[in-house]
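Next, two complexes with chain A in common: one pairs it with chain B, the other with chain C.
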Partner chain A sequence: METFAFYLFSILIIGLFAVTVLSRNVLYAMTSLAAGMVLISGLFFLLGADFLGVVQLIVYVGAVMALYAFAMMFFDATSVIKEKNSSATTVFLLGGLSAVLLVVIFAAPSIGGNLQPLYPSPDGASNPQAVGLVLFTKYLVPFEVAAVMLLVAMIAGIILAGKKMEHRITSSEEENSGEKEMK
Partner chain B sequence: MIGLSHYLILSAILFSIGLVGVIRRKNLLMLFFATEIMLNAANVAFAAISSYYHDLSGQMFAFFIIAVAASEVAVGLGLLIVLYKKYGTLDLDNYTMLEG
Partner chain C sequence: MDGYIIATVIKAILVLAVISALAGFGTYLERKVLAFMQRRLGPMHVGPYGLLQLVADGIKLFTKEDFIPNNANRLIFMIAPVITAATAFIALAAVPMLPEFELFGITVRPIVSDLNIGILFVLGMMAAGLYGPLLAGVAQHNKWGLLGAARTAVQFLSYEVVTGLSILAPIMIVGSLSLIDFNNYQAGGIGEWLIWKQPLAFILFLIAGFAETNRTPFDLLEHEAEVVSGYATEYSGMRWGMFFIGEYANMITIGFLASLVFFGGFNDWGFIPGGLAILLKVSFFFFLMLWVRASWPHIRPDQLMWLCWKVLMPLAVINVTVTGFVMMF
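And now, the complex of A and B:
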């Protein structure tokens, strides 16, 4: 059953992400990316990382994709993108070489097999409980730093996207001073 | 039976799909999508290693990657909107001048 689920999820994810990368329509790319994210959360559930799967669903599929969808109101989303690529063979050769290199990189530690668990997961706790135990003891400082980073990102997003249509970003002096005061 | 190498190979395949997207795309929004694919591939590898070695550090790193990706999307989309208002296009070939 696990084998079947893994192969189903993998094939669907690879296909959907290939559509994302190769499609010429932004809407198709975005919807296939969202579907791939949902299936990746399925992989997380399969791996026993329940909390990570739920976070993936809420943050990626819920927040990030909704942000893309809202940002697409500013762009011309329905038009087909015209891109001129100088030579397709060079691009695919580079991609293939990188893929081979990456497979070697990823296979190296599992072939070596001398990894030791640094923080073994606590016994007798379900996955969300264990995540809470580790996150609020050993990873407390990165957690707080990530909170500050999210706050900074929120302020930056509001300032950048909330500018008036007729103002250029560096044209008027009082906007620049206002940004400095924000920092 | 599915082993760790299955997940790692899947993650490498997803990462190279994202890499191909980054190399071949000229539209900035599509570059963002390809970046999301690469971040998700890293997340899959972290979760798989965390599960097979019974170590929660991998999942913690995956959480922080998700936080970084969320803030990257917020700032990046704000910048994209500013660029689109200024130039009217998202094609990378048009951004040849970096004056303010």
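And now, the complex of A and C:
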């Protein structure tokens, strides 16, 4: 049962991400990206990591939704986009790298047989507790650094967006039209 | 193991059948309640008190031409309504609807899948449901549809943070993400209900819930007076119907969540047995949504963003911080 579910999810995920990369239509690419992200959470559920699965679901549903917003602003989503590959060397290099990666992935099960978990989750701890324990002990510094980076990004975003924050968009238009009439 | 699978399948089919029937009945109730509040009669012609209006609507929806506009992206256009309906029912899979009961000597647990992170799963699945309107609006090659899709994205990005943060404080108090643990925490009667400890979180959750189900103060996605019918402009027949089955199923889910998390869930309520109590609570929340629809005008998208990011989110953060300090000392 689990094997069947794993292969089903794997094939679907790989297929959907292939569509993301290969499709020339923004709408197909975005949709298959979102669907693939949602299906990855299925793999987490199969592994018994319910909490991470749901986090994957919530985070990527929101993130891809924001991507959609940008796609809508910049493209006509229903039309086909012309791609241009300027450099053959880049394509060659990337293709070679993917081939090497594939070999590593397929070889991983035979190497991974003698792996030991460095930080096994404590007995009796539920899913979120196990994640929290590791996050706030072993990975505290990366966690804090990530938090600081997000804070920096947020402040930068506010400054970029807020240059004219004292004007309301709707009321400033009225003021402008009023000024023109005065002149 | 086989018994478990059979039981799960039966439960899933039951949930699907009962909730979609209720969703259909919800449209009739909505018209009747709105009519009552606006001193009209509502549907009266088909059957006694218009009760068969539901059947007439069903026949209309099933037999209407399933129209796909010319330049639309056919595949996405056809998938979009299914996303809304399917995610609404998947979300219901993790909601415990009634207390355990015995049937033919077997203990039945009326929950399709008891996840130990139930509440996050339900909220995540409902969030994924908004891909339906978004894709529908983008795929249909219609300006109003595109506006509806843009508004979907805006609405989603506004309320999502508030939902998560408002529900965080009760989660901290209960110390679990399972909806059944929430229910058991409030087993001690009306004084134990979480609403008394977290009134602010409840109000924030309810407001975000209205935005999540796109009910009236926040029904930006398809407001007729502004964007014709928004994301649903080009839809007809059963595909249109699926959007609304999804929306009503989501209303029922929000009702269940609010009653389970804040209002004691399916514990016995005085002399009322638990199963009846939770149904009464969910019905009240359903009625509240119709009541609000009858009494409030809807707001602009920029007002929704202002409300969510500048009022509700700071309040939710303060609530979480204060709850944390109170629990620590």
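The definition used in the following text is that the second predicted complex is superposed on the first by the 117 of 183 C-alpha atoms of A that agree within 3 Å, B and C clash if a C-alpha of one lies under 4 Å from a C-alpha of the other, contacts with A are read in each partner's own complex, and residues count from 1 in each chain.
FYI, a contact is a pair of C-beta atoms (placed from the backbone, for glycine too) under 8 Å apart; a residue touches a chain by one contact, two chains touch by 3 or more.
The structure displayed is predicted, hence computed values, not measured ones.
By the document's definition of touching, of the two partners only chain B reaches A:G157; chain C does not.
By the touch criterion defined above, A:A99 lies against chain B but remains apart from chain C after alignment on the C-alpha atoms of chain A. In the superposed model, A:M149 makes contact with chain B only, not with chain C. Ranked by how many residues of chain A each touches, chain B and chain C are led by B.
By the touch criterion stated above, A:V54 is placed in contact with chain C alone, chain B being left untouched. In the superposed pair of complexes, A:L12 makes contact with neither chain B nor chain C. Using the contact criterion defined above for the overlaid structures, shared-chain residue A:Y139 touches chain B, although it does not reach chain C.
In the overlay built on the shared chain, the residue A:Y68 is in contact with chain B and with chain C. Residues 51, 55, 68, 72, 169-170 of chain A touch chain B in one complex and chain C in the other. Put simply, chain A touches chain C in their complex at residues 25, 27-28, 31, 34, 38, 50-51, 54-55, 57-58, 61-62, 65-66, 68-69, 72, 77-78, 126-128, 169-170. Against chain A, the residues of chain B that register as touching in their complex are 1-2, 4-21, 23-27, 29-30, 32-34, 36-37, 40, 43-45, 47-51, 53-57, 59-60, 62-64, 66-75, 77-82, 84-86, 90-91, 93, 100. Against chain B, the residues of chain A that register as touching in their complex are 2-3, 6, 10, 13-14, 17-18, 20-21, 26, 29-30, 33, 36-37, 40, 43-44, 47-49, 51-52, 55-56, 59-60, 63-64, 67-68, 71-72, 74-75, 81, 83-85, 88, 91-92, 94-95, 98-99, 102-103, 105-107, 110, 115, 117-121, 130-131, 134-135, 138-139, 142, 146, 149-150, 152-154, 156-161, 163, 165, 168-170.
Residues 71-73, 75-76, 79, 115-117, 120-121, 123-125, 127-128, 130-131, 134-135, 138-139, 141, 146, 149-150, 153-154, 156-157, 160, 164, 176-177, 302 of chain C touch chain A in their complex.
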